[in-house]
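What follows is a set of structures for review.
After this come two complexes, each holding chain A, first together with chain B and then together with chain C.
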Partner chain A sequence: MKQIIIKRLIIGLFVILVVTMLTFALLQLFPGDPAKMIAPWAGEETLIEIRKSFGLDSPFHIQVLKFYQDALKGDFGESFFYREEVRTLLFSYFPRTIYLTLGALLMALVISIPLGVLSALNRDSFIDRIVLFISITSQSLPNFWLALMFILFFAVKLGLFPAGGYGSWQHLFLPSFALACTLIATFIRSIRSMMIDVLEQDFIKASEARGIPRLYIIKKGLRNTFVPLLTLFTMQLGYMLGGAVVIEFIFNYPGIGLLAMQAVLRRDYPLIQGLVVLISTVFIILNLLVDLSYTYLDPRIRKEEL
Partner chain B sequence: MPNNDQKNLLDVKNLKTHFFLNNGQILRAVDGISFSLKKGECLGIVGESGSGKSVTSRSILNCVESPGKIVDGEILYEGRNLLTMSEKELRKIRGSDISLIFQNPTTALDPLQKIGDQFFETLKAHSSYNNTVIKEKVLETIKSLGFEKPEVIYESYPCDFSPGYIQRIMIALAILCKPKIVIADEPTTTLGVTIQSQILSMLDRLRTELGTSIIMITHDFGVIAQVSTKVMVMYGGQCMEYGPKKDLFLEPKHPYTIGLIRSVPLIEARTIKKLYTIPGSPPEMINLPSGCVFASRCEYVGKKCLTEKPPLKKLNEERYCSCHYPVEFNTRDEIII
Partner chain C sequence: MKNMRTTIGSFIVLVFCLSLVLSSVVWAAPKGELKIGIAQDLVGNWDPTQHTVVTMLQVEPTYFDFLVKVNIDGDLEPMLATSWENIDPLTWEFKIRESVKFHNGSLLTSADVKSAIEYASSAKNPSSAWLPGEIKGKIVDDYTIRLITDKPAASLLYSLSMIPITNKEWVNNPEKFAETPNGTGPFKFVKFERDTLHLEANMDYWQGPPNLEKVQFQYIIDPSARLYLVKTGQIQIAGRLLSEQIPIIESDPNVVLEKNPIVEQMWLWFKCKKSPFKDNPTLRRAFAYAIDRAGITKYIMYEQAKESNSLLVPGVFGYAPASNMPSYNVEKAKELLAQAGYPNGQGLPPLKLMVAVGAWPKCKEYGEYIVENLQDIGIPIELFTVEIGRLGAICFDEEPEDYDLQITGWNPTGLEPDLFLRALFYSKPGRLSNIDVPEIDQTLDKELNILDLAKREQVIQNETIPTIVDYMPGLPLFQTVELKAVRQEVKGFKLLPSTVYDLHGVYLAD
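Moving on, here comes the complex of A and B:
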């Protein structure tokens, strides 16, 4: 077990190395000059001055080496634009994205698990059609449009929730809901098909033949869809933690997505690198945690590992 | 020994289970089966794959799943018709009065639930004991089947044991609520020979010691010979021959029964020769012939067989056969050769 974790962490480090290298290389190819972004009307001399102060005048390989040297100490430099430590910025922006993501995931689960189970139990019935209709609708409506409609309806018309910004749980509701809507589509359909698969298995039929009450059988079914569902959830969670750029932008929600977008537009190299490291680390750790949790959820996997 | 005046525990009359396929075709998986079962009897239902044996077993518990439907017949358990019962009443009977043992032991238990918990929920569904008593009863039942460490089994998961071992546990689960009838649907097909004999003797003990009636569904005449008291031979969803085991083995009347008996390898056979096989393969259940379903593979086929469906004729008090030209043999040797 310990060996597996260590092996996975080493692979993870390697992945982060490759990802940061690629980012570095791509940023070099990227048009635009950070110095010009900061001082668009400055003369050539000032620009050189700025580049020098950012360390952009030194050759590429020196820049790369310096980055890794500092990164190993946990220092990702200072943002060109904010003039603040990248680390501090990430620490203040990332939790907000976590809240947003967890909120969206929670809403999506609360809505899609009952609906998915309901349509699996009433396969090909009227209820099933309605649930599939909901799922297809929520998938076909682009979430930027949904977000705008939510603002229009819930914020402007009804005044129930703030239209944007950050501060309280009310600020969290609309962006989370808009994010959840896209997830619901995938979740409902996966839960439905997994549940149908499980319900067709022998042990469910055997339980029915033993006279086990319906509710227990549904519980059994759900428990057996848990492992594949968890994989799906983590994938989605990983993507969302990488920042829901569109949603954060529309709701002016100061999370990682908004930060990343601005960082790219401003050619804020240290901030971009910091974000890349953060997001890939989160992805790797999340996947590792999920794989480890399988061994606790499924005795068959537990047995194989031992 | 059961006597003939005793009332029937289970009476299946003219059972018809059809599957309504998406393209509008009707698959007559079980088409007019009748049989009865008394206390302490073991009925063997035998036939090739796809002859409707398993569907029969599921029909008895009235849990055929869509697109299958029981379209006709009666299933009387202690005089009550299971087919007109509410789902709630049925649930009380399933697992408690009549229980089912599945063919594949490895898939018949929930892989994520402790074995003990699966026993527990079954007894809980059928009794009003408190939790401690239920656990005690579960351990007692497991122990009664000769398992050494019931507590270990209780805390284990299905993946911790071999299929043969699990099938024995499944028998314990099947008798947990002291059912009057145990339906075993090919309980030994996926298992090795030594395990097979263990399982069969376990089932036989249930019958002789506890008086549990057993319906043994199998394609193996050898299994039937070992445990049954009476036999029904099924083919194409219909009953070919039905009667006490001894009579059926010693004087088979239906050409299909004879074919099945001939295809069992015999240790006492005097000469080594190729094992007999019935030519052809089971019929397509969707387009059954208008005459006898077995006609196309029958050695003794006559003109009448192709046009007219033979009725299930009563030969004597206990024997039935559906054949226009029942075969007469004088000695067992003739059958085997």
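Moving on, here comes the complex of A and C:
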């Protein structure tokens, strides 16, 4: 087990190194002089000073090595625009996106598990069709449109929630809900099909024949959907972080999505770099955690690995 | 006796009522927080000499004061200078207001004015673009100063309405200045937290404390977000909204639409030091005739724009429609194109028009419209989009690799014509068109040196503007009409044509 973790960690570290190197190279390929973006009006003398102070005058390999050296100490440099440590910015923006994403996941699960199960239990019935209709509709509607509609209805018309910003759980509700909608569709359909598969298994039929209560059977069936659901859940995390950019933009929610967008628009290289390292690290750690959790949820996998 | 008692009683009641009224006037403490959603970000360098960024220019009057102020009618009013006179063609003497305190508590004297103006006019600082050259200050006494220009400068007074008066200690310490401003304005700088500027009331303000306790300028990138935040009352003012949003604003009884033409003009710039536009005003004029500017206003910008007819906009001193301004005429465009050596566009290299996405509303859309107009007469041109961050870095390049024409706006937040004409067309580095024509410099020098306002106006209208239009370094597309949504509870707010925020008299009704 330890070996697996170490192996995965080494691979993860290698992926981060490669991703960082690629981002560094891509940023270098961007046309335009970063020094001129910091001070467009500055004369050549000032520009030389700026390049020097940000280490932009060094050759590419020296810049990369210095970046790695500093990054190992947790130092990603200073944002060109905010003139603050990138680390400080990431620490203050990233938790907000975590809250948003977790809120969306929680909402998606709370809504989709009962609906998915209900649909599976009433296969091909009117209820099944209604649930599928909800699922298809929520998947077909783009989340930016849904976000705007939520603002119009829940914030402007009913005044139940703030139209944007950050500060309390109320600020989190509408963006999380908008982000959760597409997930709800995917989750409902996946849970439905997984439950149908499980319900057709012999052990469920045998349980039903033995007169075991329905609720217990559902519980058993659901337990069997955990592993595929977890895979789906992890795959959706990537979508969630991508979707968060749009949602944070519309709700003016100060998370890493909005920060990343503004960093790109402002050509804030150190911040872009820091964000890439953070996001890739989060992905790698999440994947590792999910792989490890399989072994606990499904003893067969643990056996295979051992 | 009874009458006497009634009279005394009435007098006491009157005195009591008067004292109540007076005390409420004298002791009305600032209250409430005004939150304003702005469309472009603040640069976070609080030294006003280090940028010409329009958002910074707009918020500076909340924490800085100026020697003079331009009122809503475009007339000059005393501010930190109580009076001024022209001693000789090169020297202006200003009487400085006494007992004015900076935010750090020190008293304003003519030494502060001298250091602030000399620092701002230094050619190495971007703010020098607003002034008619380097200015020397001569202190007469603590509250009298003379400002001396190299040449007679008619623009000086109006230009001074854009130069914040700062504390000399801050001027001597640029690093400290970059981090915090120290002015005499109605609000004090508290902090700049990422994208939000926090200000608080200056209780020692020389015109009396402002009505608002706090002010917040918050950068909100999306116009829909700005509008909905106003509608839900999370912010009170949202700027730079879109014409499509007008019905949404007007349908809300809690929000008022403020709609006003402002001094911002959008321009199509030709890179005049790069082939094929170099030394070819006929070609530039051919392009200008091919562009349907009325169409941009009619089909794309709707109520958000007014077609330009001069290099200046109405309200700016010297404005008058330019008689030689090209208007949409395809035949004339083709004729000039042939005269310029490129019949039907043949022989022209592939050209690129640069627009910055997200900088000005619908810039990309009318960029596409212009490209189509030009392609219609055979010009090989395509659109090249950049992000706002990159635009700032490359828009002043003399021979840019990536583009040949560009669309950018110009809003100096003032009403002095040289903030437009001299800042845009005088042959100095850092001009959007990079035009370098001695005849234009001469005509600009001529109008600047005329101190008689009537004569100056004549020269601007009949010589300066027509000369520049003939060379066509850039085509003014339209004047922006600013759309702001303001909540009903905000009282005393005026959307000024100069677009600067004057919040001293603004208050929030209960």
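Going forward, the second predicted complex is superposed on the first by the 287 of 306 C-alpha atoms of A that agree within 3 Å, B and C clash if a C-alpha of one lies under 4 Å from a C-alpha of the other, contacts with A are read in each partner's own complex, and residues count from 1 in each chain.
Rule of thumb we're sticking to: a contact is a pair of C-beta atoms (placed from the backbone, for glycine too) under 8 Å apart; a residue touches a chain by one contact, two chains touch by 3 or more.
If you're wondering where the values come from, they're calculated on a predicted model, not measured in any experiment.
Q: Determine, under the contact definition given at the top, whether A:Y216 touches first (chain B), second (chain C), both, or neither.
A: first
Q: Can you tell me whether chain B or chain C touches more residues on chain A?
A: C
Q: I'd like to know which partner A:K7 touches here: chain B for first, chain C for second, both or neither.
A: neither
Q: Return first, second, both or neither, reflecting whether A:F203 touches chain B, chain C, both chains, or no partner chain.
A: So A:F203 only meets chain B here.
Q: For A:K52 in the superposed arrangement: first (chain B), second (chain C), both or neither?
A: A:K52: touches no partner chain.
Q: Tell me which partner A:R129 touches in the superposition: chain B (first), chain C (second), both or neither.
A: Neither partner.
Q: Please work out whether A:F251 is in contact with chain B alone, chain C alone, both, or neither, and reply first, second, both or neither.
A: second
Q: Return first, second, both or neither, reflecting whether A:K66 touches chain B, chain C, both chains, or no partner chain.
A: In the superposition, A:K66 touches no partner, neither chain B nor chain C.
Q: Of the two partner chains, chain B (first) and chain C (second), which one does A:A155 touch, if any: first, second, both, or neither?
A: second
Q: Considering each complex separately, which residues of chain A are in contact with chain B in the first and with chain C in the second?
A: On chain A, the chain B and chain C contacts do not overlap at all.
Q: So in the complex, the part of chain A that touches chain C is made up of which residues?
A: 31-33, 36-37, 40-41, 43, 81-83, 89, 148, 151-152, 155-156, 159, 162-165, 249-252, 254, 258, 261-262, 264-268
Q: Can you list the chain C residues touching chain A in their complex?
A: Contacts found on chain C: 41, 44, 50-52, 124, 126, 194-195, 220-222, 224-225, 228-229, 231-232, 234, 358, 387-390, 392-396, 401-402, 430.
Q: Quick check on the complex: what are the chain A residues that touch chain B?
A: Within the complex, chain A touches chain B at residues 201-203, 205-213, 216, 220, 223-224, 297-300, 303.
Q: List the residues on chain B that touch chain A in their complex, please.
A: Residues 58, 61, 63, 65, 90-96, 99-100, 102, 104, 107-113, 121-122, 125-126, 157, 159-160, 173.
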